[in-house]
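What follows is chain A paired twice: with chain B in the first complex and chain C in the second.
And then the complex of A and B:
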């Protein structure tokens, strides 16, 4: 995506003014934050205090301080040390834009939540003018040629510390954002996060962090899991956010399973939700619910494996047509299977076939999981912090997630994974090279389905009820969207996509009416402007931009470096 | 035996509806090799276009002369939707990898359904009911009301309209494709787009015409569906579209006669399955399952369809 810029002649003429204007803008924003923004103290937390900044004002200060650092990198004390590495001008432009969006958002929020613009206090206007100045100033600061930040070599401890800081920032940011109760505050925190990330991208810091992440993958993975592990402890026993978090994890685990089929092997599956459903139905029919249809109650570990295996068997059945059909036709076949699964679950109620699923009513009243005397419904107090029912499931799902990610990465980096990629790129060539095409395709379906089945067995207990309308086509589309949005064939992308798709609707209740509308629109726009997803897999990136020679050389050199 | 004829009539009615929609899939596929997944939504919007025309100009009247005007309203709504969809979403993706248009189509489909669901009652200067529930479709003299009895077989008047509409549309379609310049241009492009372009055919325009042509028939189908079911809703396009796609594949996608034939076969098979599949797996509740089973079997064992497709190795 390119952001429109001013004509070169204009920039040259006013280049000298950019720096002082930007500096003045930063000063104004900070001064504004020490004054009242809103006349009404009930909007966006309390922003009506003079003398010291609070809540969302602090985020504005952080953004403007970042802008200050970049300004000082352009000209000032930091120029000699950071100037040749950081792309400060581009970073400033991004920051200026996002700061402006942030202030416009604040003013809009105050105006719409109260009786109009009169309720915006002078402080708000001063900060707004400051944001405008930063934006205007950054537009005329000239761009420069820079050294590639990826080649910067810093001490090892610094890189590890950077990973830790970023991860801690993610944890803190997530906890802070989730603690915002009203939708406007949440949106503004998102704008803040967007601004920080955009600035990191534009200055090249993100690129550098990407290199560090590839070099120190183990540290990053460990840190990510530590962050995920500590997340429930930031919630003070609140179940609302934990229930969102567990549904994100179930969704993400399923989406990673689908990512094996779609992202790695390139087989489009539009009925994938059926596998999650199969796992859930296995777990619920074997549970001790009064409506369960099978009178056999094995231990949960057996149920999990059974759920996975039933799903994998279904996966094999759905996979067999791949011998003969591929591409669009395969997508339709899988869609057909998905619908057949839903109709069957709907119909098997005893009147239209054997009673297996209790028909449209589904199986309600599934009891809490109990593994070896540990009941997942109980609350526990660890280090003074209450961990409720959802936290228990959260930890179990985290374990599942670790397993799913392990399977995904190990397969991806093995002969099997290479085979899948080869099939995706060119099936005939792969077959000529001796890749067992049919076997690998079946394996992709079976493994993906197995992982979804595992997630399904836990989902049944976590939801407490299973019914056919949880497994409609739209859910499959959502799973696919998580992958497309995040980036095919990557784990970070799918996690991001799943979080966005599950978290935003929960937090932004006021637009729940428009949720699906925006979902459809996003799919169309993504395919049009960024088909490789938010976090792009390098090979995928090339596939979608075949003519881009520059990109090809860049990716090639990076892949070579990675291999070393 | 009379049950057989009754089911045959039901099947042909259902099949005519599928056939009308299926032509849209097949025409577009024949020319740009794209499964326009959102075609079911074009059909749904056609039905809503007809309803809107009725509510705006003729609310409360029942004369049969309103029907052609409603059809024109439906056609306008459908064609505008389909052409806009092609222009905004599909055209930029013409050389993208195969996955991209398919996902776009799913996006468009969800978007259009929600657009109707959320905004239908908020259209300014019109007092439309909310589309969140089913909306009753206007009943007109002559095409609805008392059914016709032929021996033991009951034929709904709307069914006669549907079959008649299919016959008329098929004749007009045949004439358009084989006897007009634009139609022959379509044939040329579907055989070889590059050569067609060298011969001076505006391929972009032909593609738009293909989308519009499919939309016209889908609009007629939308009106038929409204008359048959007495009501319409924003979800009606999904299953109908899927069935119609099945019909298109059954007849051989890319082949227009095939789409009509496939639609009729699918309709009859579905009706017969309701009647003749024995035991608990028969009856109305399983008929959709049998339709999808048929779809999968055809895709796996005879992907070129019953009549053979113009483009065989497409998948």
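And then the complex of A and C:
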């Protein structure tokens, strides 16, 4: 996102004023937060208290404290140490803008939730004026040449600590955001997160963190899983949020599987949801549901593997004839396959052919999973925190996620992964190099289908019912959207994309009505401004910015470094 | 002794259009054999069929005594037959090193691949200097070097080069052609397809002239160079 800037001459003329104005702004914001923002305690949590800040006011304080740190980096005690590294001026501009958006959001929320601007208390206005001052001041603070923060080498413990702090921030932020009940509060928390991330990008901290993340991938992965593991403990047994979290996990695990097909092998699959459905139908027809159609109930592990294998077989069946065609044709064939799957499940009801699926009624009443005496429907109390049914499934899905990510990275970093890169780049040349093009494409298809099948078996038990209308084309489209939005060929990107796509409609009811429109708009805008996705795969970055030779060489040297 | 590569009565068609009509030729071990002809003579089609990218309608291709006309392309590479395709077909967004490593895709001996990587850099020092640079930013001649280096990374017994001199400056062409001789001296057998008859025949032990899908002339490189018809048709002399 580009922040509009003032003409150079204007900035030069007023350069000296930027710093004191910004400082005054920070002070005003903080003073405002100690006062009431609105008399009505039911708006945005409770912001009606004088004397100490509460709830969303604390987020405003954090943003302005970040601005304070940057101001002191421009001029003051931090300038000598951080000044030459941190791009404080750009960071301040970002923070100023987002702080302003935040305060405008607060005022709008109060005005719409009650009846008009009169209900905004003086504290709110003081903080708003402060935000305006920070924004205005930051605009005239001159930019400087800086050293590349990405090249900075800091002690190892510091890097690891940074990873830990960021991950803890993510955990705390996620828990805090999910705990917001009303839509406005949730939006404001998102604005806060946006501001922090934007400031990190603008100051160069994010670039540095990216390098650290690459250098310390294991620490990052472990920390991410630790965060994911502790998440249910922050929810105090709230089933609502945990149910969202489990559906995000299923969606994300499936999307990562699809990312092997789309992002790594470069094959457009528009019917991928059918593989998830195949897994789910295997699990439900073998379950102990009264409506289950097959009277054989093997242990769950067998069902999981069977679901994966049935999906993979379907993948092979659909892939063998169609992977010889490429591009648009493949997309159409897979789209057709997805529909064929759905209609087959719809029609295998005993009237037409064998009764496997109960047709449109589906298979309801699937019992909770029980593995070795552990019933997934039971509540457990660990360290005084209740972990409900959804938490149980959440942990199981986390295990699945670890497996899916492992498969993804192992494949990506292997000889097979190199073959996929070659196929994406130039299929004919790859063939001449001795790459088994058809075999590798089929492998991608089968592995992707297998992983979706695994996820499907768990999904069946978690949902408690399986029916054809859960596996419509729209779901395939959403999976693809998560990948495109997040970043093709990456894991972090797809996790982010999946979270956004699943979480926002759940949390923002007004959003869910227009979600197709909004996702469509978002994707169009993404294609225009950031076609590589939110988290860019380095090689994909090149595919979208071909003329940029400097970027190309920089990226390539990194890739070669990593390969060693 | 049987020839390293033997092509017998090979016929290849694109739909109804027959591009290669019952041609036969052979390449002996250690030789440089040139296949010359104008645009559309069927040279590239012949090479693509040998390397398994196209399937023949009829005829036979034997490599090292084994029929390969039904072997999939990726297995042919592992057998020791490398193909540097027309138009170079390097991977433009991948770095030099990644391009070279992909050339060694059919191999599993990681340690030896490293050695051969160094050998490729020794053969073309410019590649070594720019190993991290994306190949698409290279000039035509450098790309051709990369294409040849990449093909050599599969440790081929027979290297097929499709128009390596296409679009190159005379100086660059000389460099490439000298490399062909150098590779021959290192023990690689080479099947060279060229429109530039002079350059190709000068270095060839044996040559075949292809015209609209048929071999119309063959002989040693020197014989063909002085042949009147060849001089008229391909060397632009009266």
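FYI, the second predicted complex is superposed on the first by the 554 of 564 C-alpha atoms of A that agree within 3 Å, B and C clash if a C-alpha of one lies under 4 Å from a C-alpha of the other, contacts with A are read in each partner's own complex, and residues count from 1 in each chain.
FYI, contacts are C-beta pairs under 8 Å (C-beta built on N, C-alpha and C of every residue); 3 or more make two chains touch, one makes a residue touch a chain.
All figures in this text were calculated on a predicted structure; none of them were measured in a lab.
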First, second, both or neither for A:333, with chain B first and chain C second: first
So, A:347: does it touch chain B (first), chain C (second), both, or neither? first
According to the stated criteria, A:218 is in contact with first (chain B), second (chain C), both, or neither; which is it? neither
In the superposed arrangement, which partner chain does A:514 touch: chain B (first), chain C (second), both, or neither? first
Using the touch definition from the top, say if A:522 reaches chain B (first), chain C (second), both or neither. first
Chain C versus chain B, contacts on chain A by residue: B
Chain A residues contacting chain B in one complex and chain C in the other 543
For chain B, which residues are in contact with chain A within the complex? 35, 89, 92-93, 96-104, 106-115, 118, 238, 242, 245, 249, 280-281, 283, 285-286, 288-289, 292-293, 295-296, 299-301, 303, 314-315
Listed in rising order, the residues of chain A that touch chain B in the complex are 268, 270, 321, 324-333, 335-337, 339-340, 343-344, 346-347, 351-354, 473-474, 477, 480-481, 484, 513-514, 516-517, 519-524, 527-528, 531, 543-544
The chain A residues in contact with chain C across the complex are 415, 418-419, 421-422, 425-426, 428-437, 439, 539, 542-543, 546, 549, 552-553, 556-557, 559-560, 563
Going by the contact rule at the top, pick out the chain C residues touching chain A in the complex. 51, 53, 72-74, 76-78, 83-85, 89-95, 97-98, 101-103, 105-106, 131-134, 136-137, 150, 154
